[in-house]
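Pasting a structure here, questions to come.
We call the chains A, B, C and D, going by the order they appear; numbering starts again at 1 in every chain.
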Amino acid sequence: MYKNKGLVAEAFPEELLNRLKGQIAIGHVRFGDGTPPSLSNAQPLTFNYLRGSVALAHNGKLVNGPELRHRLAVNGSIFQSDSEAEIFVNLIARYGQNPLEEALLKCMIDIKGAYALVVMSEKQLIGIRDPNGIRPLCLGKLDDGYVLASESCALDTIGATLIRDVEPGEIVVIDEKGLRSFKTMVPSRRAVCIFEYIYLARPDSTIDGETVNIARREMGKQLAREARPEADLVVPVPDSGTPAAIGYAEATGLPFREGLMKNRYIGRTFIRPSQKIRDVAVRLKLNPIREIVEGKRVILVDDSLVRGTTSKKIIQMLRNTGVKEIHMLITSPPVLYPCYYGVDTSAREDLIAACYDLEGTRKYIGADSLHYLSLDGLLNSFKGSKDRFCTACFNADYIAGKPESHNER
Amino acid sequence: MYKNKGLVAEAFPEELLNRLKGQIAIGHVRFGDGTPPSLSNAQPLTFNYLRGSVALAHNGKLVNGPELRHRLAVNGSIFQSDSEAEIFVNLIARYGQNPLEEALLKCMIDIKGAYALVVMSEKQLIGIRDPNGIRPLCLGKLDDGYVLASESCALDTIGATLIRDVEPGEIVVIDEKGLRSFKTMVPSRRAVCIFEYIYLARPDSTIDGETVNIARREMGKQLAREARPEADLVVPVPDSGTPAAIGYAEATGLPFREGLMKNRYIGRTFIRPSQKIRDVAVRLKLNPIREIVEGKRVILVDDSLVRGTTSKKIIQMLRNTGVKEIHMLITSPPVLYPCYYGVDTSAREDLIAACYDLEGTRKYIGADSLHYLSLDGLLNSFKGSKDRFCTACFNADYIAGKPESHNER
Amino acid sequence: MYKNKGLVAEAFPEELLNRLKGQIAIGHVRFGDGTPPSLSNAQPLTFNYLRGSVALAHNGKLVNGPELRHRLAVNGSIFQSDSEAEIFVNLIARYGQNPLEEALLKCMIDIKGAYALVVMSEKQLIGIRDPNGIRPLCLGKLDDGYVLASESCALDTIGATLIRDVEPGEIVVIDEKGLRSFKTMVPSRRAVCIFEYIYLARPDSTIDGETVNIARREMGKQLAREARPEADLVVPVPDSGTPAAIGYAEATGLPFREGLMKNRYIGRTFIRPSQKIRDVAVRLKLNPIREIVEGKRVILVDDSLVRGTTSKKIIQMLRNTGVKEIHMLITSPPVLYPCYYGVDTSAREDLIAACYDLEGTRKYIGADSLHYLSLDGLLNSFKGSKDRFCTACFNADYIAGKPESHNER
Amino acid sequence: MYKNKGLVAEAFPEELLNRLKGQIAIGHVRFGDGTPPSLSNAQPLTFNYLRGSVALAHNGKLVNGPELRHRLAVNGSIFQSDSEAEIFVNLIARYGQNPLEEALLKCMIDIKGAYALVVMSEKQLIGIRDPNGIRPLCLGKLDDGYVLASESCALDTIGATLIRDVEPGEIVVIDEKGLRSFKTMVPSRRAVCIFEYIYLARPDSTIDGETVNIARREMGKQLAREARPEADLVVPVPDSGTPAAIGYAEATGLPFREGLMKNRYIGRTFIRPSQKIRDVAVRLKLNPIREIVEGKRVILVDDSLVRGTTSKKIIQMLRNTGVKEIHMLITSPPVLYPCYYGVDTSAREDLIAACYDLEGTRKYIGADSLHYLSLDGLLNSFKGSKDRFCTACFNADYIAGKPESHNER
């Protein structure tokens, strides 16, 4: 096991990777989940239990994490970190007299929330997706081997082929006997996180049969049916706003222009820890192209409006560049509720749409007009059925429950 | 918590120690106990359990370690290392519904073997000595505070005063209420490791009322009653053979001479991992003083003869320096049996006295004669009663039991 | 709770039943399962655990009962009886931090074997059928209430209507919110005990869509296709041989005659504890009608041949009555293997077909000829698909596994 | 195991006792402890656990019973009764991987309160007395065997000899190797229940070196030093008041007269469940002898005044018989606090001395004067040291703690 801080390309030196022997491997990139960013909280976690060595990595957020942690501690479990993954680890050990796949099945009865899990024993690679399928997990093939990944684009990168998504509530066991699937409890309802399509996933990924890029373009087209301010140009907030802006431009006939250039060497706004750094980061990250936007009435297309601070900065920058009018179009509904399933959208008091009405939000970000895509419009952007998404951040429909203490993180 | 490899003075930088805040601290220097020398096996171990954070360091060896480890694993405990300390850690967590001192009392019912333990919670410092008191642990006072240490010389170093030894089977709890003592099960018999006096402890330490230096000199005097080869000089193998050589010289009237000089910058032979390094180490470590020993009949005094390789090297070096006769005198009986209580004397097949008879051993090390101190003579070297030592390495009287699998490590 | 020995009608006095208050009730009639017939082994078992009072009754046999019992004991569970139901009880308590239905789901992961279970808490009535559906369990409706029963004929008796069979692996929860169903693990294969149709169930019961009486008549018809000894009469061994004899007579055109009269006041041969009592019981139970059978070539139809002792007695009685020829026709294949799923067919050494070949068996029972229905013929007697039965006693296909110790009980 | 309701002599038929085979036996007579008087609560309890069959009987009351019960339930233990003995049973099973005597040692760390315990495995008879020795337990010898009993008079009855009392905190193990003793935690203070001497124990018993009868006579003598109302006679409330009355008469020179006759066929007032039955019981139980008491000034001596109802009835009866004056003398101090250690003195609101002052109490019982023995006077009635009794009912010094919920039962 090797853990390091930094970007993946820098954190794992070539010679280290060459030293790793074996037929199974798992890895994890940590998306800030609220626990301190120490290496002891970094995943995968490894441990020995009754049946040998196991490594485990988890993506998502448990709704009953604190309760389970306390229950385990009451029964004599020890913890070395704050990571939720350690709850899985201790539960697996509790069920150590069962084969690993049965132990995981029992864990799924205990655990509420959103999770995609990869577990590695000395002989098996196991993938699990929560009963509602809130967090994505897909299965690919590379030569004779199998690959599990959160996003299908990861398969492309290594030349693997997407076979299918792991099903909600499915346990996929890969070992020398090949691939076996355990269907567990029938889920209440399939509900993949809609925010994956809006913002989180890379556009070239396909999740549960929907290609992210196509869905985003469709969101732009839907928005064109709902909001048509008078304007000269459609400008995206890159990168996540780009496909929607293209869709919007297509649908309206307005010219699509890349009026904001991205500095490729800066990571996402989202995972910067503190607000201060975020402000600086925006400035470093995006640059208005004066030749394109000066004196123009601009339709600015972004995927979502969470805290509003980024949009405010961008609009300020555009104003300084001499833009005449700025009409802000958001290809998702107002984010009104916190996410308990692993998207770190922050607490309600930080959600701009939960604090101000539409006009107040518009004023705060400094746009000439502000338009959101409706929830219906959003759902209509997908090919398949409309009732298979988690939309809790828009309508508080928490399919996998809420934490017991209603202190909205 | 901070862990590092190397000598204490080098491993803990000044600025690091300055950063440590708080009123309680524990530390550990690892004496090779057979587990791999990785940092994950390094102590103290820290963990969170039902009652909060605990750190723990342990000196000794458990007789039923593997059984307890398996029993814990069957019940769902996880392990991150091979360290025996992790058995204590998991047992404490199992008894987490008891206050820490009661949990430790229960641990003492479970655990067989030799151990001295320091445990630190957020509010308490706790010291424990096994029911037979095989491993030493002493209690000192520094201003208003208390200090626990394996050897009393550590107290002197920091200016603390020795109060008393922790009693066999005693739990000493130090917290804001002061010091409390829990006497636990009445032990079968007090049996402090006699090898502490012969070799392990520093000569300026006092253990259970006997000062090591004085005991060693007395061993030399006892040996003078038992073995009197004709010779010109008494030369110690420094440092542990020195007090006994002085005692022997006093008793016999022969001149005491430091015929072997020690290179102060090399550590002990004992804890070097492999045999190869050991051979080199001996050569680097000791240097014969030709002016003293050339042409002389030398009585060479050493504390013990375990594998015989060190003695063989020394005698070889002395021969090369022109010594006329070498009479090897050992101030302890032949080490015939492995230690299961934490002294890494090695397996029986490596014990020279278990492989050869006296004459065979003499030939192997290359001495002109070889004499051991008798067990009675050894016991007579102490002021107090004679039946309070563990002498298992000499007579296989394993007071705290043997491991179930008789594979002699 | 009230337990008593004897027949149900006698064991539970009217006034006692009148005293019972409440809205939920469960009961159990004990079919000898090899454990001593003491009241402490009688079901239902009642117990208190973390979530309150629970009563439980179980029909079937666990394959890994001893392993689970030992595992529970190792973890501190206590047992008051030898009953397998106590394994369920202790497992439920182990999972006491889960709601009862989730605890039962976890039990189903632990438990291998055949079981139909009714569980009653203070607010719920729960029915469970093992993942292969080996033992039957059906669900009925009576006014506003629900009824669970092993056989549908029990519903008729109390005026309830059969809704459907509980599905293999299904948990049915009945409480004030009505009826909810949890589908659990997808079973390897549906496999209801074929012996229920052959012998165990009452003919007026319907199990998994097949009415027992009709299936038995069909077995007789199938047998007519396979075996046609020359004879004058078809005589059943009542009661379980009767429908098959009728079918056989219909198919062959031979006259059906009740040549053996049953004494209605004696219970089944099957559940008599010892062989001695069994011999007497046969004589008391059946009487040949001389007027019908004397001087005749008789086709004697019985459902199965297990130990052969009953058949031998009957044939002896018929011979003594002056029957000319006796052709024994069995409407099932030879029982060659022990049942590990709750049918107390006895050990292999007692199975007549496992000890003798066809001719040897014929000689042992004293018939002029002996014919078994083939397994294919048996399976063809059912309307639905052929691969949904447990036929392990005929072909050793132990769908739910075998006990670890291969001592064939 | 055999349990029955009623007096011992009637409950266990001769022929039943003759059927019992074996070398070890335990029994229990249930003194009402507040739990319902059903057979399932009757002791001994028997159970199977990891190490085999165990039977257990317990006398006393746990201070942390509900907490332990809940803790066990949380960890998956089941309970069949309300008996505190079942807490011991489940704790023993939890520590099943330890030998029985070590498991009991761990139980003693968990359990707070007053208890005397006999435990029987297939090979051992074990006696335990709580660390303060609140409840008595004595050890006797009969031929080659050992006997454990709550009161030494039981030894006399069967011809055994008292060896000694089991020590506070001692575990006595009797098996084929003879008798071994484990001294456990050093107790905070020895504190045998003083009420045993005042009322509970039979006068011919000797507890911890003090013979009950002698102590009671001495209490009467002490009382003579403290209270001397003018009177003609000293009359005891039989039987427990008799020795004290004799002592009082001796000390004062007043004539001792048995003015109240006891109906020998009625049991003790104390254990009658309800107040109504108690009133009737007093009338049936005691009869004034008119010839002795009529027209006299009587000193009525009783051992204790708990609820006052019995005394009130007796005084009423005596008044009706024409007694001139009644001076009530109690050979113990006012019972002001509830007992949490197994004496069912009832809740505080029922304690007469906790509700009224001395004059109020006198009025309530209808005596002409009322005098209690002082606590010092009581303690001076014993030969040995004065600080080895539990006197919590008089002074609230709860040596073994109080229940967490201060609802005074």
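Quick note on the criterion: contacts are C-beta pairs under 8 Å (C-beta built on N, C-alpha and C of every residue); 3 or more make two chains touch, one makes a residue touch a chain.
Remember, it's a predicted structure, so these values are computed and weren't measured experimentally.
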item: If a chain touches chain A and chain D alike, it appears here; value: B, C
item: Identity of the chain that, by mean CA position, is farthest from chain A; value: D
item: Chain B and chain D, separation of their C-alpha mean positions in angstrom; value: 54
item: Chain centre separation in whole Å, for chain C relative to chain B (CA means); value: 69
item: Per-residue multi-chain contacts in chain A, two or more chains; value: 74-75, 97
item: Sites on chain D touched by chain C in the complex; value: 46-50, 73-80, 89-90, 93-97
item: Residues of chain C defined as touching chain A within the complex; value: 71, 97-98, 102, 105-106, 109-110, 182-186
